[in-house]
Amino acid sequence: MNNLLQKPRKVYVSRKIEFNAAHRLFNPNCTEQENLEIYGKCSNLYGHGHNYMLEITLSGIVDRNTGFLFDLKALKVILEEEITERFDHKHLNYDVPELKDCVPTTEVLAVLIWDILEQRLKTTTNNQELALHEVIIYETGKNSVRYRGE
Amino acid sequence: MNNLLQKPRKVYVSRKIEFNAAHRLFNPNCTEQENLEIYGKCSNLYGHGHNYMLEITLSGIVDRNTGFLFDLKALKVILEEEITERFDHKHLNYDVPELKDCVPTTEVLAVLIWDILEQRLKTTTNNQELALHEVIIYETGKNSVRYRGE
Amino acid sequence: MNNLLQKPRKVYVSRKIEFNAAHRLFNPNCTEQENLEIYGKCSNLYGHGHNYMLEITLSGIVDRNTGFLFDLKALKVILEEEITERFDHKHLNYDVPELKDCVPTTEVLAVLIWDILEQRLKTTTNNQELALHEVIIYETGKNSVRYRGE
Amino acid sequence: MNNLLQKPRKVYVSRKIEFNAAHRLFNPNCTEQENLEIYGKCSNLYGHGHNYMLEITLSGIVDRNTGFLFDLKALKVILEEEITERFDHKHLNYDVPELKDCVPTTEVLAVLIWDILEQRLKTTTNNQELALHEVIIYETGKNSVRYRGE
Amino acid sequence: MNNLLQKPRKVYVSRKIEFNAAHRLFNPNCTEQENLEIYGKCSNLYGHGHNYMLEITLSGIVDRNTGFLFDLKALKVILEEEITERFDHKHLNYDVPELKDCVPTTEVLAVLIWDILEQRLKTTTNNQELALHEVIIYETGKNSVRYRGE
Amino acid sequence: MNNLLQKPRKVYVSRKIEFNAAHRLFNPNCTEQENLEIYGKCSNLYGHGHNYMLEITLSGIVDRNTGFLFDLKALKVILEEEITERFDHKHLNYDVPELKDCVPTTEVLAVLIWDILEQRLKTTTNNQELALHEVIIYETGKNSVRYRGE
C-alpha cells in the first residue's frame, strides 16, 4: 500500500482555527502618554477585539500505513484544549494567565502559542520526526505574524 | 456623454469597511445564570471581540454627468466619521453611548448603524432618489446580519 | 433594555456551514450519450466532489429581550442534525435517500435543503414571524444557486 | 426522475468571471479641474486598472429533466464571447466601442453588461421563464455595484 | 531593457488551479474497524469530495529579455494536461491509475503531484536554474499540505 | 513585563496593501509579432490593469518593551510614501520612472519593490536585526510572485 511512500517524504501539514478575543495594548511600566504614543487607539481603556485566525503547521515524514502525517482526531483535541479553551471568547489581558506579564501583541501571542503547542506535542507523540514547524496568526485580513521557534 | 444613462438606471452601490471592537453579550435585567443560558461564552465577564466587516448599500439613479451614484469622497468622510470614529478599537458595551441600554448583538448593531447612516444621509444630500438600501454586518466569516429599515 | 428595539425591526440572519460530498450528474432515464451531452464530465461514472458551502438566512423581528433573532444554540443543533448528518462526507447519489429519484444538481440540492429546513423550523418554533428566507449553495467559488421557496 | 421538481421551483443561479482591464474616469465635457474634483486620482492621464469580478444571476424554473436552470455550456460560451472577448485585457476607454460616449465608472459598466447580456439571452433561449436577474461588479474587494434592470 | 534585471534575481512564481474530485480514505490491508478508527467518516463506502485548490511554485532567475520566470502559456498547457486531465471531475480511488496502491490522502496527493510536475518540467525546459519549489494542496479552507521534494 | 520575551524571539511580521494600476507587457526591442508571441493579450496597445495585492514581510527580534517587531505607524508612513504614492492609480509603463527601461511584469515589480523598501528601511532604522524578509505580489487571485533578495 502507498508505494508513493516507499521513500520517506517530508511534508508540511497546516490547519486553521479561529478564535474571537478582546485585547488591550498597554504597558503598565509606561505612562498613559507613552502608551498612546506606542500603541495609539490599541491602548483604549476597555480594549477592542479581533477574529484571530491561527494557522499551525506540522512537519515530518508521511506515515506509510495511513498516508497521514499526524492523527487528525488527536490534533483536533489538542487545538480544542490548548487554543479554543484558552483564548476563544476571552479578553487576553484578563482571562489568560500566561499573558499576565505581557503586552498581548500579535507577536507575543504567536510566541506563546508556539511554546504551548510545542510542549504539548512533545508529550503527545514519540514520533521523533514530527515537529511544530510554524505558527501564523492573522490578526486581521491585512496583518499577520509568524513564529518558527527561532 | 454617457448615453447609456439617457434613461434612468437604478443601481445599488456597496462599500465595505472593517472595524475591530470588543463586546459582551449580557443583559443586566437577567440573572448570571439566565445570561449564561442565552449567551453562553459570549457573556464572559471581560468580553471578547471581532473584526466586524460592515457592508453598506445605497440605491438610486446613476448621475448622468458623473456616472456615479454618489460622491465617493463624501461617502468616505461619512463612514470615517460615523463608523470608524464611533466603533473602531472600542468596547461596544462601554465606549458607545448609543448602545448603553442595549445588548450589543450583531442584530442590534445592524439596526443602530442603519439609524445612524440613514439620518446622516438625509442631512447630507437633497437627492430624493438616493436611499440607504441595506446594512450588512459580518461578525465572523460564518455569521452575518442584514437590516433594510423594515 | 434594548431601546433600539422598541419598534419592531425585521432583520435577516445568515449562517454558513460547509459539507464535503461527492455526486454524479446522471439521469438514468437518458442514454449514456444524452447524459454526456447534458452533464459533460460531471457524468463520469464514479462521481467527483465539492466543498459545498451552504448559507441559510432566517428573517423575522429581533427579540426585545435577547437582541437575537433566533437562539443560536438551537440553530446549531438543527444544522448539525439536518445538514451535517445528512450530507457531510457522503456520496449524494447513494447515501441520501431524499435524493434517490433526483439528479443531484446544485439546484436540486438547494430545493431539498429548503424543504428540510422549512419543515424543521416549523416544528421547532412557534414564533409566527420567524421564517426561512433563503438557502444559497456555493458549489465552487464561482457557481452558486439560491432558492427562496418560490 | 427529480420528484423534488414536481412542483415548479424558481431558483437563482449565479456565476462569477473575472476580467482584467484598465480605465480612466474623465469626462471630456468638463475641465481638467472639474474632473480632478469629481474623480480625484481616478482621472490620472494614462488610467489605472482593476481585476473586475463579475457575478451574473439568472432566475427561472428548474428544468424537470436536467435539474438545471440553464445549460452551463451555453452560458460559458455566452460569457466568453460577450464579456471576456469584449473587456478582458482591454482599456475600457479606448478598446470598447460601446463605452465610447461614457465615463467608464463601475455603475456604467454594470448597466452596459446588463444590456448586453439581456439582449443576448433573448436571442439564445425561448424559455419564457428564464430571465437575467442581476449583474454585480466588484471593482475591488471593497466596492461593488449591482444593477437589476430597473 | 529591464535594467533592474542586470544582476540575476531569483524569484518564486506561484499559480493556483482548482480541481473537483471525490475520494475515499480506506486501506484495504486494514479491517473495516481499523479504517473507521483511522479515517472516521472519510472512510464512508462511496466516498465524498472536495474542491481541491492546488498552488504550485516555481523558482529560478528572471529572464532578462521577457521579465518572466517561465513562459506562462507553456505552464498553462502543463497544468491542463497533467492536473486537470488527470484529477478534475474524477474519483481519486478509481480513476487515477497512479493512486492505485495508495490511500489518497492530501499528503499522498501532494507527493504525487510533485513527482508528476517535476518529471514534466525536466522534459519541458533546459533552463538549469528553473526548479519546482513547492506544491500546496488546500483540501478545504482549513486544511492544507505542502511538499517541497524533501 | 513581557517575560515571554526574555529570550530573543525572531518573528516574521507581514502586512498587505493594495494598489490599482494599469500596465502593458511590451518590449520595444522586439517586434510586434514577437511581443504577441511572448505576452499574448497582455501586449494590447493601451494596456489593461489589476488590483495588485502586495504583502511585505519583515523579520527580526521582538522588542522586549513594546512587544512589537517594528513601529506600525512608521511602517504605515513608509508604505504610503513608497508604494501608494508611486503605484496606486498609475499606469506602470508611463507613470513610474523606475520602470522606464523595464517590461513591467509582476516579477520585475516584485524586484523593484524589494529594492525600494530595503533601501528605505536601511535609512529608517538602526535596528541591525530588522530585515526585509519577503515581498509578494498577487497580480490576481491565481498568480503571485515572491522575491526575497536572492
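A, B, C, D, E and F label the chains in the order they appear, each numbered from 1.
The rule is simple: a residue touches a chain if its C-beta (ideal position, glycine included) is under 8 Å from a C-beta of that chain, and two chains touch if they have at least 3 such contacts.
Everything numeric in this text was worked out from a predicted model, so none of it was measured.
**Student:** Would you kindly say which chain has the C-alpha centre located farthest from the C-alpha centre of chain F?
**Tutor:** The most remote chain is C.
**Student:** Going by more than half of the contact pairs matching by residue number, which of E-F, C-E or D-F reproduces the interface of A-E?
**Tutor:** When the residue numbers line up for over half the pairs, the pair is E-F.
**Student:** CA centre of chain A versus CA centre of chain D: separation in Å?
**Tutor:** 42
**Student:** Please tell me the distance, in whole Å, between the geometric centres of chain B and chain D computed from their C-alpha atoms.
**Tutor:** 27
**Student:** Return the residues of chain A touching two or more other chains; collapse runs of consecutive numbers into ranges.
**Tutor:** Only 141 qualify.
**Student:** Who touches whom among the chains?
**Tutor:** Touching chain pairs, listed by label, are A-B, A-E, A-F, B-C, B-D, C-D, C-E, D-F, E-F.
**Student:** Applying the document's contact rule, which stretches of chain F touch chain D when the two form their complex?
**Tutor:** 18, 20-23, 41-42, 44-51, 88-91, 93-95, 140-141
**Student:** Within their complex, state which residues of chain B touch chain D.
**Tutor:** Interface residues on chain B, with respect to chain D: 1-5, 9-17, 62, 65-69, 71, 73.
**Student:** So in the complex, the part of chain E that touches chain A is made up of which residues?
**Tutor:** 25, 27-30, 38, 40, 98, 101-108, 110-112, 115, 141-148, 150
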